[in-house]
Structures are given as structure tokens and as C-alpha cells.
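Paired with subunit B in one complex and with subunit C in the other, subunit A is shared by the two complexes that follow.
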Partner chain A sequence: MATSVAAKVSGPAGINAGRAVRRYGWTVAVYVLFATLMVATLIVKPDFGAFEWNTLTLAALPLAFAAAAQTMVVLSGGIDLSVGPLMALANVLALRATVGHDLRYSVGVALLVLLEVTLAGALNGAIIVLTRVPDIVVTLAMSFVWAGLALLVLAKPTPGIPLDFQNLAQGSTFSPWVPNALLLLLVIPLVWIPLRRSRAGLAIYAVGSDRNAAFRSGVNLGLSRVLAYAVGGFFAACGGLALSMTTGVGSPLAGTYYTLSGVSAIVLGGVSLAGGRGGMLGPLAAAYILSLIPAVLIYLGIDPNYGQMIQGVLIVIVVMIGGIGTVLRRA
Partner chain B sequence: MAALMVAAFALVACGNQSTGGGTTKYVVGVSNTLTGNGWREEMICSIKAQAKASGVVSKVIVANRTTDAAGQIADIRNLISSGANVIVINPSDRDALNAVIKQATDKGIVVVAVDQAVSEPTAYVVSNDQVAYGQLGADWLAKQLNGKGNIIEMRGINGVPADTDRHQGLTTALAQYPNIKVIKQTFTNWSLDPAAQQMKDIFSSGIQYDGIWTSGIDSTVVDQFQSSNKPFVPIVGADNNKFVQELATLKDKGLKGAAVTNPPPIGGAGLAVGLAVLQKTHSYDHVIHLTPQVWDNTTADGAAKLAQTYDSSLDPYYSVAFDVKPYTTYSKQDLISCAGPS
Partner chain C sequence: MVRLVQQRSIVVLIALLVALAGLIEVIRPGAVNANWVSNILEFAAPLGILAAGQTLVVITSGIDLSVANVATASAYIMASQAPFGVTRGIIAGLLVGIVVGLVNGVGVAVFRVQPLIMTLAMGLVVTGTLNVYSQASVRSVPGVPDVIHTLGSGTVLGYVPVSLFLWALLAAVLIVGLRGTGFGRLLYALGDNPEATRLAGVRGWQVLLANYTACGLLSAVAGIVLAGTVNAADLSLANVLLLPSVAAVVIGGTSIFGGSGSYAGTIVGALILTVLNSVLTLLDVADAVKQVLYGAIIVLLAAAYTRVLGRE
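Take a look at the complex of A and B:
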């Protein structure tokens, strides 16, 4: 009897453990990789302190939001090539409206910008759903629309983001080791966790992993996809505001590098580009990893151009290991 | 894999612990955000060469990658962390770096912005007078066209300080010539391929043009005229080796042009200024401007200068200027070898 109870208990537990590894294995691996890199950094730079930690959190902030934006869309089975221009749009709108104003007004502006760019993201999704043109084509085209709009809002880089507003990201309100740039990332779980637990979040996963099956289960495909693009737009807006706060300027070309580096971060973070698989935690750690590499190379005095190569190699290795895992599971 | 990476980093770290030395040994940091560009590569080499020639620099750390202002802020912060005493930057934005520059200067680090200006007053700015660069070239072109005609303006990177300043200079110069029109404006991003493509587009679009002003991607434009068999129009470029050669040798084939000087060794000059300020051997104004010269192949003086400065030992996309007197003290060989202090 005792053995049968043990079997009963260990049986489901064993299955759960297997599921847990499958579900969270990659995420855990990415965090282990980040921890390893941090240890390596501490060996390279024993005096790594609050200033250096702050540098990392500042560098990773816009990338983390770009990755979050891309994650939302990719989970729903799409891809958004307009994440960078959406960030630029949020960035220049914020500058235009906040110049010469105080903190409270700036925060109000920021909320409005979040709303506007969320709608812009939703428009991306709506066009895709209504026209049935592939995501990659629509978002590529829309990337030029948003980039052009950003240039119309602001023709050239212009300073003037209020200092108090900049300090929302640049300062350390609570402790030098808990920089505001780290706390701002809490926006991601605050939006993500309720969404993921809701029917709408489940529908996004369902649409991303098998559109037909989702449709037959009664999921509203169009609405789910538009929602994913809208939340993606929201995170892209957060990224654009992050750029405003960390640089203090509005720049119509601000987002240029974040479309593709965001894709790198989600691939490294274990989000399947085929859709329906992955989460937010992995890409967050990946954004930190991708921001830490150039820093370590500077500490070592090595040309950071190698950083791009190292990032590429790292992504290929990680994805290969992930692939091996999938093959073993099937076997 | 993880353990391996730690070991690898640790090994490299041990190999790099040569920072010590005497009290006169300084660490130099360099931040550049445009890669794959001959001018910028020469700029970095001039900084390394000047570091070596100065004899007081133990290490040059180069943060060189294509990135934006946010990335450059991170790079400069990392250079501060790496113990740099002088940081030479080619700024990607006039204002976005001010906070991090202030952080550096508050720590006693001398920050020198070269090539382009920053608005932070505690920084030193050592650059070509980029407004004059735009103005002189545009004025030469307008005179060549006798004050009448359409010109194409091939700019650099939209929004970076040097591009804005040059455009302002060009606009100022052309205000004197109401019959000169800028018929088309392009951004080459100071890269060869986009410039070549833009010229092809211009040829096929049927735009009527009488002259071309470039922000330094010049020989590519000349090459496009040649490969497309189009008759030359007057072209303004910079003192880049290949363009200088073309101005000298293609004159017989009808190429009229002018090279406006913009020496990349401004990087080495910036470091020399930074080191002098750090060691208090000389005091400098916070803004040092070089006045560009115009070398045209239509006057005897200009043609002589072009023939005399072309240098077959230099990379075609390098500038012919290998030093900026009186600031730099290295030899031409130092620049070509591109080696810092070892």
C-alpha cells in the first residue's frame, strides 16, 4: 500500500517535472547563462559596483522593452518589423509634448503616448487581419509609415526631455543597487501576468501554436491577433519612452537598432519564431545578456565589434541546444 | 560551456593586467558609433598613433560599434568603469551624451569630442569647422555654375551634429545664389553602397542636375559617372585619397571638382589636447575649430595641392591628411601601422 501511494504521488509529480523542464527549461538555462556571464564579469572586473550595474540596467532597458514587444507578437504567430520605428514614434511624441513641462505633466504625456502607440500597434494588427497580407509584409511596410511619421513629428534630434522625467529611469530612488531602470521593467510583468492568466492571453498562445485548432475551439482569431499587436505596441512605446528618459533627447531615428536586436533577444530567450511557445522571462534575461557582452569586451579592452559575432554565435549555440532538446523529447 | 566561458574570460583578464606602471601612465578610452567607414577607421588609428607617440599612455580601449546615442552612453559609462583618464568620443548626438559626459568630467576625466560638437560645456570640442565645410564647398560649386543651376546635396547621417552643421553651412552659402536650387537631397549615411545606389537612381530618374555636393562620399559618385558613361558635372567632396587622385587624373576627361579638407587625424589632435589638459602642460579653449581648405582642380594652386597630397601608400578611402599640426606628433608610418602603445 505504501508503495502504491508512493507510486501514485511520484507518478504525476514525475510527469509534472517533465512538463516543467519542457516549459521552463530554456528560461532557466538563459538565467544560468546570465548568472555565468555575471560571474565571468566579476572575475574580469572585481570592482564591478553599483555604477556598472546601473550602466547595464540602463543599456538593457530599451532592448528589454523591444524584446517584450516582439515576444507578444511572435507568440501570436506573427512578427513585427516595425517595433523600432514605433519606439522612435513614442520617443519623438514624448519630446514634442514634454519640452518645458514638469514631472506630473510629463507622466501624463507619457500615458497618452503609450495609448497612441498602442493604437498604432493595434492598427498594424488590424491591417494584417483585414487584408490577410502576411505579417512580415505589412509590418515591413508599416515600419516605413511609422518611421516617416516620426520624422514628420520631429525632423532632427532635439533635446529637452525634462530632467525630473529623465531621472525616472536614470536615478536610483531606493538603493544604488536597485536602479530605477530595473524597477521600470516591472511594467512588463504587471501587464504580462494578468494577460497570460486571462482567456485572451490563452487565446494568443492558441492562435500562435495552431491557428486552425484555435479557430475550431471557438477562439476569435482576428481579435486575438490584434490584441497581441496592440500589447506589442504598448511595450514598444515603453521602449521609446525609455530612450527618451535615458538620452534626454527625442530622435526620429532612435529605434533603428531595436527591431533586429529585439528579435535576437527573443530567440535567445526561448521564444519560438514559429509562434505559440515561450514567455516573457527568457527575453528579459536575454536583453541583459546582450547588453552585458559589449560591456565586458570594453572592460577587457577588446574591440566590441567582436561582440556582434559573439552574440551571433551565442544565439546559434543556444538555439542548437534547444533544437537537440526537442529532438530528444520526440525520440 | 558555462565553466569554459568563465575560464576563457579569466584567462583574457589575466593577460590584460598590464594597466599598472608609473603614475604618468594614462588609460585612453575611445567611443565611436559608425563602423565600416574609412574616415572613422583612420580617426581611430590617429588616436592610437598619438597615444603611442605621447609616451604617457599605457593602454587605449576602443569602444567601436555601430550603435545609437543610448548605446554610446553605455559605452562611455563602461569606459569610465575601465579607468580611462581621457575619453575621446565621436558623438552620435549633440545633446544626448551631456549627462554621461558630466559624470565623467566630475570624476576628473578629460572628455574630448572630436569631429563633431557636443553641447556639454565641461567637454572639449576639437573639430573641423563643419559649418564652414558646408559653406566653402557649396560656394565653390555655385561659382562653378555661375550662380545658376540645379544641384544635388548628398548628405551624411540625418541628425548627427556634423551633418546638421554642414547642411546649415551649405544653406547659408546658397542664400547668396538665388538661382541655384537644391533639386534633390539624399542621405548616404556616409557609406559607399547607398551613395552608389542613389546615383544610379538619379541617373535613371531623369532629374536635371548641374552639380553635386557630397558630404565626403565622393569617389563613389565619380565612379558611378564613369561606370554609367555619364558626362561629368562639377563635384564637391572631401580630401579623401581616391577622390584627390581622381580630381588630379580625370581633369582631362572633364571632371571639375573640389576637395574640402576634413582631416580624420582630428582624433589624434583631440587626444593630444586631452592629454595636455590632463597633465596641465598647456591650457586650451573648450572649443577648437580647424578651418577647412578648398583644393580645386580648376586653379593652379589647387591642382598643385591635389597632385602633391595624393599618396599611393594610403588606403583609397582614407583621407590624405595624416596629421593635424601643431597638435599631433606621430609619424605617417605610425598612422598606417595603426598600433597603440603596447
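Take a look at the complex of A and C:
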């Protein structure tokens, strides 16, 4: 039974052109949009150099992880409105434990924080599965719990992340055009590709696209959903640590922005909120697009306050175009 | 017994409400008096009105995550326009709600965008626009006009909040409207089975469009009342009410998947959440702990509710 699902998802690709367009068209379009925006940036700011590129990668790093976290959960048919507070929790835990310590100690702490927040994500999933309360209600309520815990760990924004630890993201070890903040994104494919190719990853897609069919194919629904939330928690923890590294500050409210922006990024990146459809490539480009917009506004000399507005309008337009597509196909 | 509970879930909710009030009386004897009740009603009114819009949308199996942003924007624009005339201010504030609701409705009903993402994005647009507006046009945080202050925090005969009259009026319209009018029944039908509703000859998009607009309008009213209650209209006025607006609906027994529920339940849900806040305030713990408990208790309530009533 499970093999038929496997054949559907990972069968031979590239033979059927129509199917390839359906599957990869959106992702390609997102990358084209990103490239266009980059070209526009170069026109607006001809001296866009390695420094500006580095700044962009730093700004995009936490958002990319937030988007990855949300992608995991949404693929399994859920939604996690506590991604931002989970990031904040990781961020303040990292600050409390690393302040005044060396790099080795900090990395050890970081690993522990990853574990803790992964468990927090798993707890979100477990509550949803065990209580059968809808995802959106549980994660919205849990966002208060995680945000409250973050406030308990650290009452107000405090600097003090060790410099060596910050440099893991802020420097560019290999080439000025390959900043460390770009390399850190490799964590996502390192976790995602093996997962996607495994039975568990396939089960997550199956649960997200049709829960009944997945159940009848022998997929353990509860376990798959908890796994999706746990991996989501892991990526949220990465995002929180990314915040620590890029800002050097622990802030209990730092994550607030990333819940909504993460959802924006995955929608722009072609992940269906209905679950089971989409991948990681689209959301990553979308995170860069959403980080580039405020930068372009600053280069243009426009009030960055317009950023949020433009982000919202962009998403409305994108989802409406997607909506027209659906309506036309039905007609 | 179980059947009785399932059919009369509102009785259980009211019992819970009474139990919470009893808890307060135990923690601090004498705290539950006419004054306390008056306070609870005063603070529950804006939430109850905000959750009214949310109830309408959730019944059609949608969700509106822009209600809090709309309420904040409406209150701010009402207050900043009030110096040119209070009526003008109120109309401007209500217009914000109608316009945003209309756009939400167009997105959801005509373009078939998922309600969650449509309203989320519109929330961003509203907040972003409000920030730009506040910097461009207003020198300081605008004051709340006296009429609105009276509406939000005045009392009649010493104890009855003025906002309760507005809330009761809206509640009567909603409860009767949802139960007794064709439009109300169509909301349940659309939430329960949109395909069957379409086959029955209903133009679903018109119903949804009207529904999201009504939700926007109710959010605007809630924002204006709230501005009167706290006597201020800043840029994050109602943002804390997003979770409670959804929680009140869910605790009140409206299924998040649509098709069932009532505004009467939501009213009790809003009261429970307000009393819960009062309990947490009495416990005299740090705000952070309060926040954790608040979130955890909402999960517990929703879980107990789902379990007892066997609903999802």
C-alpha cells in the first residue's frame, strides 16, 4: 500500500512536461521574481557590493528558518502560529546560557537549545494530536505560553552573545560573496533532503494531502504530525539562534515579527496552506524576497514603514493570482 | 447526562463562568460584588463585539486574523479625525472596517483565497498603512472624544455600563439574525457544505462578501468601544485581542470547521476569558507567568470542550 504512495511522489520526473510545470512552475516563478528584484536593486543602487549582499543574507537568515519551520508544519496539514515565540525562546535561552563564555561552550549551549525548542515544537504537535483541538487554536494559545516563558527567561532585551559565536554568522570565511549567513542555510537541506527521501517524510506529505488516504495506507497519523511539528520546532530554534548570531542580543519579543512573515514567505514560496503540496526551495527564495523589499525601499529613500504595507499587498496580489488560477482550472 | 451536556453546552459554560467567579470569591472574599460585575461587563464588551465578527466568519468555516488590526486602525483613525467633528471621526473609523472587510471578502469570495492568508496579509496592510498614516498626519497620539469615552466606560444607575446597551443590541440582532433570517441560515449552510449550497442555487460569493464586510464593521465598532474603555487610541490598542477573539468563539462552542455554533456561546466565551483575566490579575503574579497560564488554560478549556462534547 505504501509503495503506491511512494511511486506517486518520487516516481520518474521530467517525462511529463505538463506535470513538471505544475510541480516546479511556481518555484521557478519565485526565483525569477527574486532575480528581477535583484536586478532592480542593482539599477537603484549601482554600488551594491559584497557588504550589501552580506547585510541581505543576515536579514534573511532568521526569516528563512522561520519559513522552513512553517513549511514543515503546513506540509503536514497543520499551521504553527507559535513559530515566532519559539524563536524568541531559543534566542533568550541562548543569551542566558552563553553570556561571558567562549565559542566552544556557546556551540554546546546552542545544541542544547536546539534540543529544547525541538521538544517544545513536539509538545505543540502532541497537544494537537492528543486533544484533537484544531491546530490554529492550540498554536495560537501556545504562542502565549512560549512568549511568556521567553519573558520569564529574560525580562528585557539584553546584549551579550559572545562575539566568536556571532561571527559564525556575521563573517565571511571563504569569500566576501559567500557570507557565512548564506552557508548556515545549508542546515535546511541537510535536515530536509534526508527527511524528504525517508518514509517519515513521505508520511508527512501523505498526512498533509489526504488524511484518510494516509490512514488507510497504514501511515501513523499522530506520529507523523508530531514529527512535523518537532522538525518545525528545530527550524524555529535555528531561527532563534540565527537571531542571536545576527543581532548579538537576546530579546523576548524578537520573534513576534516572524510568525506572520514566515506564513507570508511560505505562501509566496508556493506551499499550499491546505497541506501536502510544496517544498523548501520556494520558501527560501521568498524569505530573500521579503528581506530585500525593505532594503530596496531604503535605497530608494522611501520610508521603510511602507515595507509592511508592501509586503501585505504583494502577498494579497500573489494569492489572488493563485486564486484566479484555481478558478480558471475549475471552469 | 452526557446527552444533556451535549445539547445544552451553554449551561456548562455558564457553570464554568460561575465557578471562576466563585474562585475569585475564595481567593479574595468580598471581591465579587456589583462593582466587579460592572467592570467585567465593561471589559468584556469590546471583546464580545470583536468576537461577534469572528463568530460570523468562523461559522462559514473561515477565520479573520485581521480583526485586531482593523479594530486598532479604526480607533486610531476615529480619534485622529475627531477634532474635525466626532461624527466624522466615527464615520471614518467605521469606514476603515467596512473597506478592509470588503477587500477580505473579495479575496475570499471572488478569488477563492484561503481566509487565513487573505486576512493575515490584509492585517499587515492595515497595520503598515496605519503606521505610515500616523507618521504622516498626526503630531501626537490623538485623544479620545468624550462621547466615545462615555460609550466605552460610562455607567448608568451607577453599575450598568453604557457599552452593555450597544453590545446587547448587537447581540440581539446577531442571535435573531443567525437563527431566524435566510442570510443567517446561509452562513451555516456555507460552512457546513459549500458544494451542496451551490447546487441549491445559492450565490455563495455574495453571502461571503457581505459576511466579511459585516465582520470588518463589527471589528471597527469593537475598536472604537475599546478606545473609549481604555481612554486611549495608540498604534497597538487592540492587538492583544486577536487570540481572545478566536478563543471566545472556540470556547463558546462554534466549530472552527464551520457549520455550527452560535453567538450566545461566544458571549459566554468572552465573559469567561474576561473573568479568567480577572482571576490571573488577582493571583498577583508576574505578567510573564500570567501569559503562560492564560495560554495554557485556553488550551485546557478547548481540550475539555472537545473531549466532553465529542466534537472536533
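Quick note on the criterion: the second predicted complex is superposed on the first by the 307 of 331 C-alpha atoms of A that agree within 3 Å, B and C clash if a C-alpha of one lies under 4 Å from a C-alpha of the other, contacts with A are read in each partner's own complex, and residues count from 1 in each chain.
Here is the rule we go by: contacts are C-beta pairs under 8 Å (C-beta built on N, C-alpha and C of every residue); 3 or more make two chains touch, one makes a residue touch a chain.
On a predicted model such as this, the values are computed, not experimentally measured, just so you know.
Undergrad: Looking at A:K45, would you say it contacts subunit B, subunit C, both, or neither? Reply first, second, both or neither.
TA: Only subunit B is touched by A:K45; subunit C is not.
Undergrad: Looking at the overlay, what does A:L183 touch: subunit B (first), subunit C (second), both, or neither?
TA: neither
Undergrad: In the overlaid three-chain picture, which partner chain does A:L221 touch, first (subunit B) or second (subunit C), both, or neither?
TA: After superposing on A, A:L221 lies clear of both subunit B and subunit C.
Undergrad: Regarding the shared-chain residue A:D303, is it in contact with subunit B (first), subunit C (second), both, or neither?
TA: Touch partners of A:D303: subunit B and subunit C.
Undergrad: Would you check which partner chain A:V107 touches, where first means subunit B only, second means subunit C only, and both and neither mean what they say?
TA: A:V107: touches no partner chain.
Undergrad: Considering only the touch criterion stated at the top, classify A:I315 as touching first (subunit B), second (subunit C), both, or neither.
TA: In the superposed model, A:I315 contacts subunit C only, not subunit B.
Undergrad: Which partner does A:V249 contact after superposing on A: first (subunit B), second (subunit C), both, neither?
TA: Only subunit B; A:V249 stays clear of subunit C.
Undergrad: In the superposed arrangement, what residues of subunit A touch both subunit B and subunit C?
TA: 303, 305, 307-308
Undergrad: Note which residues of subunit C are touching subunit A in the complex, please.
TA: Per the touch definition, subunit C meets subunit A at residues 63, 103, 107, 111-114, 116-118, 120-129, 131-132, 135, 242-243, 246-247, 250, 256-257, 286-296, 298-299, 302-303, 306-307, 312.
Undergrad: Touching residues of subunit B toward subunit A in the complex: what are they?
TA: 1-2, 5-6, 9-10, 12-13, 16, 35, 59, 61-71, 73-75, 77-82, 93-96, 98-99, 119, 158-159, 164
Undergrad: Enumerate the contact residues on subunit A facing subunit C in the complex.
TA: 79, 127, 131-134, 136-138, 140-145, 147-149, 151-152, 155, 260, 263-264, 267, 273-274, 303, 305-313, 315-316, 319-320, 322-324, 326-327
Undergrad: Under the stated contact criterion, what part of subunit A meets subunit B in this complex?
TA: On the subunit A side, the touching residues are 32-33, 36-37, 39-41, 43-45, 48, 51-52, 54-55, 58-59, 62, 156-159, 166, 170, 243, 246-249, 251-254, 256-257, 291, 294-296, 298-305, 307-308, 317.
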